[in-house]
């Protein structure tokens, strides 16, 4: 089991005289494999907020209306993650006609994952591969071989097709391209967002992270499309069809913002806790 | 109440030696306002099929695996529609923070409705209008003023942005553009598909149809984006974020097809039944 | 030397009551290596036309104004082609700073050849290759490996980026992608149009054809991007930055058209004439 | 006559160990209406450079190969501009079939001006207007009404179609959209680049500027698509089909750069010289 103490701090200034509405997706999801032991939310304005949980995905959305002026949002939680683990070799693709209905939407194209345009490319590159976990891994490696991780090369309009053409991007773009290619060979795939604990100082401090969940043998498994993180240390906030569904903040009104500040503390390894590390098994935190 | 007898005939030839998988969305939805009194499905191959209903949208998906050779799918049903009706003037937009979670996904951009790119255009055109049903109507009329209905001008890759640029399209394209513009001003909107009974012989026989549902005052109301049909005569099959979710047939494998054949019979008006007509009230068949 | 007797027949109906303007690019170019011995143009309407020759490219543009009603355009010519030939191994790329000014525009992106978006992809695939004719050949082969020739998969809006994503197209699309990739590694490349004599009955009768000219060692050499033709048998009409510049017909007004009919006769091989065949040398018809 | 003393300073650091090639388009064009009285170029590296003039457009391209390390480029010139002036009312559109060949390329679509996709929109908005200067003005005003000038909203990939959708941009984007719309109604239009003298301190200091030239009555007239400058004070460097052709610097190799610094001094008005001002006549500096 991995225990992560997480702190997320967000700073906004609402300049709209009528105030502004926010939808946040910064709460750690409750799943059978991710236990939120304690959590605390502090808002700098005395305002109401509700947190609604999507029963299908466990994503939690906090909505609020903020008044003009500064808004500081501080979320902290202690999260225990006991991953579901499976041997790679045992994981099978599920034929489309046997997919549960709730997985089926994840083979359809979405805003940033235009899988319908990639059918031939995906078939040419991955059509003849042995189906199963190995094929998904081949897709992940293909994405990493063709795309270079480069900050500030993409924006909120960048889609899988753009990333394929321009061959640069950040974790979000890697995830979109990998998702699109999986769907193009009829494997359900979706975007997951949360935090990465920043194991490698060369890659920077803890940060928001976007990665991929792929549906194999009846369960959603984690794939880190960009290969920049350690999946065992990801805290999951939300999952959705792509980044359109799981922005950490969607803002309605005139608002300026500072860069988010994330900090994490991993419980010391010992009898009870494990230090997140690359792992030979497939991991899942989904139900 | 409107009573419609509907018949849908689809003809395929499966050339793939392994057969092919199909997902159909040709079953009339069961909703509190659309009653499927009788229905019958005939497949020309002796194959298993299941029909699953999405609890969130009432869309019904039939999946099957067909063997090589011809496949004829014949669906017939008698459907009674008792629309929920509301006065236009009473219908309000729901602020984002008060939307039920299940409506919220319909303000996010999707594959064919890139509302995120249309924020300024939508704000410039519709930002100062009085909020409510009238604003949605203004969006619909704007779309009809800017787009010409022209057959064979678009394809399965055509999106709202393309339609806005090229100003031609068919019912699907009108729907996508109207949906994108509604979402761009934070009004939940989604694609609905089904059949139009072909009231006007000048516009052709009964056919599959794509239209729009918009969320106002806590309910989804019908808007016929292209203005080519009579909403009171629509039978609803599915709703989704856009055409990606509610194709009448999604096919996995090498298959050729003939044009679908739709026929409808409207029950004679009298004490019990009404003939579908343009109507001064807003209509809904959703729950 | 190759001698080709060419006949092009175009059939239009002008429905615009004001008549319509046409720009045709169906005249064989005069170059030091392509001699137009005889040519004849017949128009079914008694209308004036002029033929202007672009001094930079030798493309010939015929313009005319046709009256309402049918318009038949018939162009026939006997063309002798004495290709400039060079050994592959001797052909060098020309560094950008030594390019003649008239070649420089062909390293810039154009409507259908968005080379600016393909810089990283082209560098990753071709950046480390030995510069010269071999690198251009590697680009041509890469395009042929990644794109399948399939009729009716593209339209007049399809660009190199679309072809790269969707991996299907016709000769025009192959040419656009090859041009874009050459420019992305700073090799001037342009679209050439004309006719292919239809050597292989399996690939159909003579037809309009689009291919590529690449600037190496101070001269423009022919590359058949789609690999469907025999370059020695191409008659060259025009060259331009891409298909936008060298459509065989650009029409201004309401006009319907039939499919063009092309026929060719190759002079019998003997002492004087050669039968077009695949050839171990690089060919050029440019000045 | 307007006399402008212009100074352009560009600062680069070449990090590529092999050095880098540059193409600059920062020399004032020599035209019958723009006289370059004195000019001086200083390079901080002792390197050869050539300046080639495109006979068709008068654009001057300086090419050089710089060694690793800093490169400072300083260009200064004194330019006398005696505009050709014409009454708006007298300026006619030229029918396509009477256009000189060298103007014809400017009715075709280009990289950033996809006029082929805007035919219907342009026809709907401008098709019924009286042809001539007034129609071009209507296009310019339409662009200014639909696009908001906002810094940092576009990048080097942004095209006319993007600007039409997103309705924001800078001078380059206004120019691309206006050019595309002119071409869509068959009016030749091209991109012009140079400097704006910074008349209005609210809009900032002198800067590079992109504007439009439109072909009317046999001559290219200046239109300031974004309406942010005073055309009488523009120094013209280059013209081309769009920004792809007339970047002030195109760089081949690894190079970092600082923001360019432009300064101008306008000769004091008096008997000989005039202060640039908005002007009731159409202006041209083209031959």
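As written, the chains take the letters A, B, C and D, and residue 1 is the first residue of each chain.
Rule of thumb we're sticking to: a residue touches a chain if its C-beta (ideal position, glycine included) is under 8 Å from a C-beta of that chain, and two chains touch if they have at least 3 such contacts.
Each chain and its UniProt protein: A, B, C, D = Transglutaminase family protein.
In this text the structure is predicted, and so the values were computed from the model without any measurement.
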item	value
Shortest walk length in steps over touching chains, chain B through to chain C	2
Interface numbering overlap (same over half, different under half) for chain A and chain B	same
Whole-Å separation of chain centres (CA-atom averages), chain A against chain D	44
Centre distance in Å when chain C and chain D are each reduced to the mean of their C-alpha atoms	31
Chain centre separation (chain A, chain C; CA means) in Å	47
Two or more partner chains touched - positions in chain B	117
Touch-based graph of the chains, sorted into line, ring, star, complete or other	ring
Chain D - residues contacting chain B, complex	117-118, 120-121, 124, 146, 148, 161, 164-168
List of chain C residues in touch with chain D within their complex	21, 23, 52-54, 56, 61, 63-65, 95-97, 101, 104-105, 108-111, 114, 116-117, 156-157, 186, 241, 244-245, 252
